[in-house]
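This is the structure I want to talk about, given as structure tokens.
Going in written order, the chains are labelled A, B, C and D, and every chain counts its residues from 1.
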């Protein structure tokens, strides 16, 4: 069951007057992430928008321990922090949370992340996916969706984004989840669940970005929800190899309600302006195919194959 | 209980030092000729002989990152690498000193690719000399063990990482007798690390390593705190402080363990020497044979070994070289388009000092090119001939180079 | 413009805007327009660092009849340009201004209503109104970044409207260029000293 | 101003490393970034109408943590950047984004009170 908004903790670790852009999705989610860990945590963060939100020396904007690290190194830094806490007898004092953007996770950070996942290091890795290098001015990443214009794909990106949660699942880690900053309670629940699991827990979080995507900051939540309603973003979790849809995606699948056409979502953002009908149709087909696969997995169709991939029980 | 002498490789000596230093987190990635260091440590961790976390990372970049993460939360850390491995971790080789983390890393000196070559020279560590680490060079396996232990004391007093450099194969894979101190001796010398600069505590949250502006800025109490340049200036000051801390630590080690390595520099036959042969690492050991040969020929030669390359011991070098006719510097590395790095640094250090000798450079041993004491002696004779002919500066002499086939 | 003349013939300009408002664009287009107006030396630079939408930012420009060899931020401006009057209370816009300097403010208020003290020449222009009149609206907001150059030309006489229009045409294309030029022309007309 | 590195002493107030402590307002009074301000219409707010801490949707979605739970919620206009998410998401349509110019430029504190 999803935690109700009124049951979410009131305690807040994200301080007002921080440096994030107005309407940034990261802030909405970070409030719940830190609350779910009750501040008993240490974050490690690479160069990214989150670094800026965290504040410039000598003042910090988030009231939890935080270690800034180099761009490619988030998962390795979390590995080192976890090892250091074990070695000094402090592992029980705090959860290690690695938090990086899509580029820091799926592009430059994927080697360290894959290594840490293979070693089943004991930390939560949360990727806030705002679908491009936003902190440097909206250059394409490997997770930028097809059709999106960025400052390095002026005519719109040709390729579909790589599916990092599936890559992480293939490592056989104990917990993989997909969530969205537009669903704070879903973020809270998944981080809370991950907190109680040992080993590498991976959470992928769609995070709308007003300035990079080209929409009015007031629409951050509305568009994040709309993305889920189209099936472009799917809320789910894979726990111990068992897949299930969660929250709005689960009800969408259960009711069989028609999904919102992708075109309606693309029309809300200037980054997709000028997309040709064929390109939109291709994205729709891609979303449909993925959605059918997710629904089938939710019904247990492909579960068996993927469950075999978990190998950490050997350790 | 006193030292037990065993015959071992330089890599084994380094591993023994890490064990004796009671390192808490080890992270490493294989590369020749460093791998045996961490293989040995992995075995000790598995057997329980060394109660440490061993993180078998997927790259050198991550090896240094794991040390950074673990050191940030106050653990004593160790890693080792060589050549391209060091180059691959370069980003983090800069991060560690900038974050003032007392990490110790052995660099088993090896030639840089391309082309591939696994043998010794010192190009790898020279290429990161400016990153802000203390760099110490070792001349034999005993010094590797003793220096690696000393490195922790230096690093943790200054909050600066220390790179212990020793020559690949020539030391790393060469067996020689090494006296291994007892754990009690080392425990008396090296207290646990308890005072990191970094604070990682949910009860007292800090944000470590955030963006620093160019100019100083007020903190939450209104007090002005430094900008990037002030933080870097204090880092530089710590390196300058190392000029005193390194010899002090060596002296403390001598009283605890009974062996001293001279601190910043070391010397052989320097009394009344007119020609001083200068080098870092095992080449210096060979040069002692060369100097004795030259003395037997009536040439007043001596050796001045560089133990601390960063910080560069300017005053010690000026003092030792004042009044000599010639300093002949042997580099196993090159700044392409210029000359050997130690030669450049030494010439700069001598400039304007009283009684400064002429400084000539020679490059040798790149990519493991063999060089004998006699080859080095021949280079010294050539240099003296040039000096007698009136040269005060000279092109770099390439020893044992066969461009003509 | 005697008050603006400096011994070495250089004019220093500081811009105050908000992230996303286009002050950096203003400074860039000014540099081009000034070059086209006969200044052999022009520079324009943002204040370097993270820019966030809505957050106050500054930019610097220099104009001279010789090549400019100073790249530091402008701290003693001859001219200050403020892209909206809400910045006056938060950005210390007049700090360091030279005596007799000119401050150009995008506002609907009059110069005296702004309450700016000191040995200053206060010039006002409803640049937002000009952008609205020219239908220069992006994402619901009137864009003042180029229109302000009309006010700059009227207030200082250092650049011609012809050069402003040429510089805008160089930076923008098609209908966008036309709207920007229209806005700059309207702003030129409604500038009051 | 310059200092000789070889001499210790000055600079003892300076930090050896970059390490910050948390405080509100790292980026300054970010309320200054705002073009439009959220104003809650108490007559429409569900929490006010029901006289208890209910709904709080504006609270949960505020990216900056500028809204405190309450009957009805309280917006901190010193730091509210004016993104408008609260107004967009309010199920009762009780929050309106009003142009700052209606309020004058320096009136944050008084009108912050008024907005409650």
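In this section, contacts are C-beta pairs under 8 Å (C-beta built on N, C-alpha and C of every residue); 3 or more make two chains touch, one makes a residue touch a chain.
Keep in mind it's a predicted model, so treat the numbers as computed, not measured.
**Q** Looking only at C-beta pairs that count as contacts, which pair of chains has more of them, C-D or A-D?
**A** A-D
**Q** Could you tell me which chain's Cα centre is nearest to the average position of every protein Cα atom shown?
**A** Central by C-alpha mean position: chain A.
**Q** Based only on mean CA positions, could you tell me how far chain C sits from chain D in angstrom?
**A** About 30 Å, centre to centre.
**Q** What's the distance between the Cα centroids of chain A and chain D, rounded to whole Å?
**A** 25
**Q** How many angstrom lie between the centres of chain B and chain C, each centre taken as the mean Cα position?
**A** Roughly 55 Å, centre to centre.
**Q** Roughly how many whole angstrom separate the Cα centroids of chain A and chain C?
**A** Result: the chain centres lie 41 Å from each other.
**Q** Which chain A residues sit where two or more other chains touch them?
**A** 19-22, 52, 55-60, 62-63, 210, 216-217 - these are the residues of chain A that touch more than one other chain.
**Q** Chain C: which residues touch two or more other chains?
**A** 19, 50, 52-55
**Q** Two or more other chains in contact with one residue: find those residues in chain B.
**A** Residue numbers touching two or more other chains: 198-199, 205-213, 219-220, 225.
**Q** Once bound in the complex, which stretches of chain C touch chain A?
**A** Of all residues in chain C, those touching chain A are 19-20, 50, 52-55, 139-140.
**Q** Can you list the chain D residues touching chain B in their complex?
**A** Within the complex, chain D touches chain B at residues 3, 5-6, 8, 11, 13-23.
**Q** So in the complex, the part of chain A that touches chain D is made up of which residues?
**A** It comes out as residues 5-6, 8, 10, 12, 14-28, 31, 55-63, 184-185, 210, 216-222.
**Q** Per the contact definition, I'd like the list of chain D residues that touch chain A in the complex.
**A** By the definition above, chain D touches chain A via 15, 18-30, 33-34, 53-57, 60-66, 69, 76, 78-85, 87-89, 97.
**Q** Would you tell me which residues of chain A are touching chain B in their complex?
**A** 39-42, 44, 51-52, 54-60, 62-70, 72-73, 75-88, 90, 93-94, 111-112, 114-115, 118-119
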